[in-house]
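Note that subunit A is present in both complexes that follow, paired respectively with subunit B and with subunit C.
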Partner chain A sequence: MTDPKFVYVTYIATTPEKLWQALTDGAFTRQYWFGQTIESDWRLGSRVVFRSGSDVHDYGEVLVCEPYSRLSYSWEVKFHELFRHERPSRVTFELETMGAEVKLTVTHDEFEPVSKVRTAVSHGWPLVLASLKSLLETGRGSTLTTPEKHRGAKERAIALAEGAA
Partner chain B sequence: MIMDDVFRALADASRRELLDRLHAQNGQTLNELCSRLAKSGTSMTRQAVSKHLAILEGANLVATVKRGREKLHYLNPVPIHEIAERWIGKYERHRLSALAELKRGLEKRDD
Partner chain C sequence: MTESKFVPKTVYITYIAATPEQVWAALTSAEFTKQYFFGRDIEIEPKAGGSFAMRMPDGRFDIKGRVIEWDPPRKLSVTWGVAFAEFSELPESLVTYEIEPMGGSVKLTMTEAHQWDVPDAILAGGRQGWPLILSSLKSLLETGKPIAVSVKMGPPPEMLAAVKDAVARKPWRAEATR
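What follows is the complex of A and B.
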């Protein structure tokens, strides 16, 4: 395995069960992930779909699913033609109870050597994770990741990717 | 409280420099960070770099992954966004609701 390109960590005052639900249930992801719903039956090899309204933005495939501790899926970014030819990257979520909090570690790796997807996603993750924490701790997702902000975030991702080598 | 740790960790130019270095090249070992700092003429002893990294990790601004006997250091900007959400998002919400009030007020006048 190559070294991961991104590793993000957040500590959330919640339970692994609730955090797991927030990661795998579209009714939750909609509230913190730029209004996107995630859909899958979470069996190994099953399809993962990211939907924004009626549009399918991204696809993936379930690679690891150990409820309440470890989830991994491949990720094909399809929302813009700039990214469509790249091979799928991989996202892994690890949940670990630490006292009254759950430590969530998100690793994103297996990008192509020169990857526009990598540049594009690097700005989204910290926002999404801060919003996830806000949702679970206060019942409200971040104002920075509302569906209205999604268009701006996507445009910025495209601009970043276009600027990248 | 973690937010205090974040502000304290950021209140130091050397530690901000280390975060910038990780932003430029994520996933570096202590050795890589030290040699790149030395190459660019920044004077920071290995001991100081190691100490600053520990403080950054304590504030969750740096996440680490073990690779054999080495540790890879990753910039973790999530706590900075949590601060943004706490301090900026709050004011933005206020601004948005003020705009919503204004809209309601103006539309009422049209009735």
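What follows is the complex of A and C.
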């Protein structure tokens, strides 16, 4: 028995190629994901690194990489001791072309039975994905997900996780 | 009717680079809703207890309800009855939009709540529709253009069978007397 999966769907006026780049290129992730650079060579089994400046705080491993349609990696949230003992969870991005737009489904699952990580990411995903949509449609990510907001977002995640404890 | 018997079943949150007033206008005026809400015009009386309806492009209404809370530009809550085939026999749901200003942007939270133990196959309709409607609303306010794919989508096929089954059994009657 694990915590229920978290699913979020959004529709973005873009191409699957541009959306794929936004998910896999650190120069893009920085612009909508609280300044975080998410890096990997995206080969199966390769390491995924979540970096803010020189501070590497989370890790993952590439589980599925089908360019422009499906990307999945495990995710070890290490930025705070509250989360460090939990097993790696898994995030999957599915891209589906619909006319001139792309349907993006993000599924985050494989949580611990009672997961503080799940509580924290359930708050963060709508913000990050709203910012990703803005970046691709307007050229600017949300002002709510700039690098300066990262500390506040982490504090909020910790407070939520502590509240759920 | 009290709001308290409604239990939230589907929540969708998004963040929009707009003012609370712009988001409020987009939720409550037909010139906006026809662009992002499957072509529907909203007709709403601006007060608690007022009438609420959504008119399809062919002129018929398929959503009817009443305004429970009218608090511009913060909170709008309406009862939501689907006036379409067997759907019209289902108990009404409650749809609430909450608008919170946040650092020059807006956090928009949509909550769909129900007064009976709705099966997932029926909830699937809203869970398919809301992400599209609210993604389109966000695009419209940020870029001036809605999401175009929304015009073609109908309810999921399993949903229609689940609605027929629920209407035949009417489980909410037993729940009301428990």
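General remarks:
FYI, the second predicted complex is superposed on the first by the 161 of 165 C-alpha atoms of A that agree within 3 Å, B and C clash if a C-alpha of one lies under 4 Å from a C-alpha of the other, contacts with A are read in each partner's own complex, and residues count from 1 in each chain.
Basically, a contact is a pair of C-beta atoms (placed from the backbone, for glycine too) under 8 Å apart; a residue touches a chain by one contact, two chains touch by 3 or more.
Note that the coordinates shown come from a computational prediction; the quantities given were computed from them, not determined experimentally.
Model built by superposing both complexes on subunit A: subunit B and subunit C clash. By the document's definition of touching, both partners, subunit B and subunit C, reach A:126.
When the two structures are aligned on the shared chain, A:5 is found in touch with subunit B, with no touch to subunit C.
With both structures placed on the common chain, the touch criterion links A:98 to subunit C but leaves subunit B unconnected. Of the two partner chains, neither subunit B nor subunit C is touched by A:44. By the touch criterion defined above, A:13 reaches subunit C but does not reach subunit B.
Touch criterion met: A:134 reaches subunit B and subunit C at once. Contacts of A:142 after superposition: both subunit B and subunit C are touched.
In the superposition on chain A, subunit A positions 8-11, 126-127, 130-131, 133-134, 142-144 are in contact with subunit B in one complex as well as with subunit C in the other. Chain contact summary for the complex, subunit B toward subunit A: residues 2, 26-27, 60, 63-65, 67, 72, 74, 76-82, 84-85, 89, 92-93, 96. Those residues of subunit A lying in contact with subunit C across their complex are 8-13, 98-101, 103, 126-127, 130-131, 133-134, 137-138, 140, 142-144, 149. Contact residues on subunit A toward subunit B in their complex (touch as defined above): 3-11, 105, 107, 125-127, 129-131, 133-134, 142-144. On the side of subunit C, the complex with subunit A involves touching residues 13-17, 102-105, 131-132, 135-136, 138-139, 142-143, 145, 147-150, 152.
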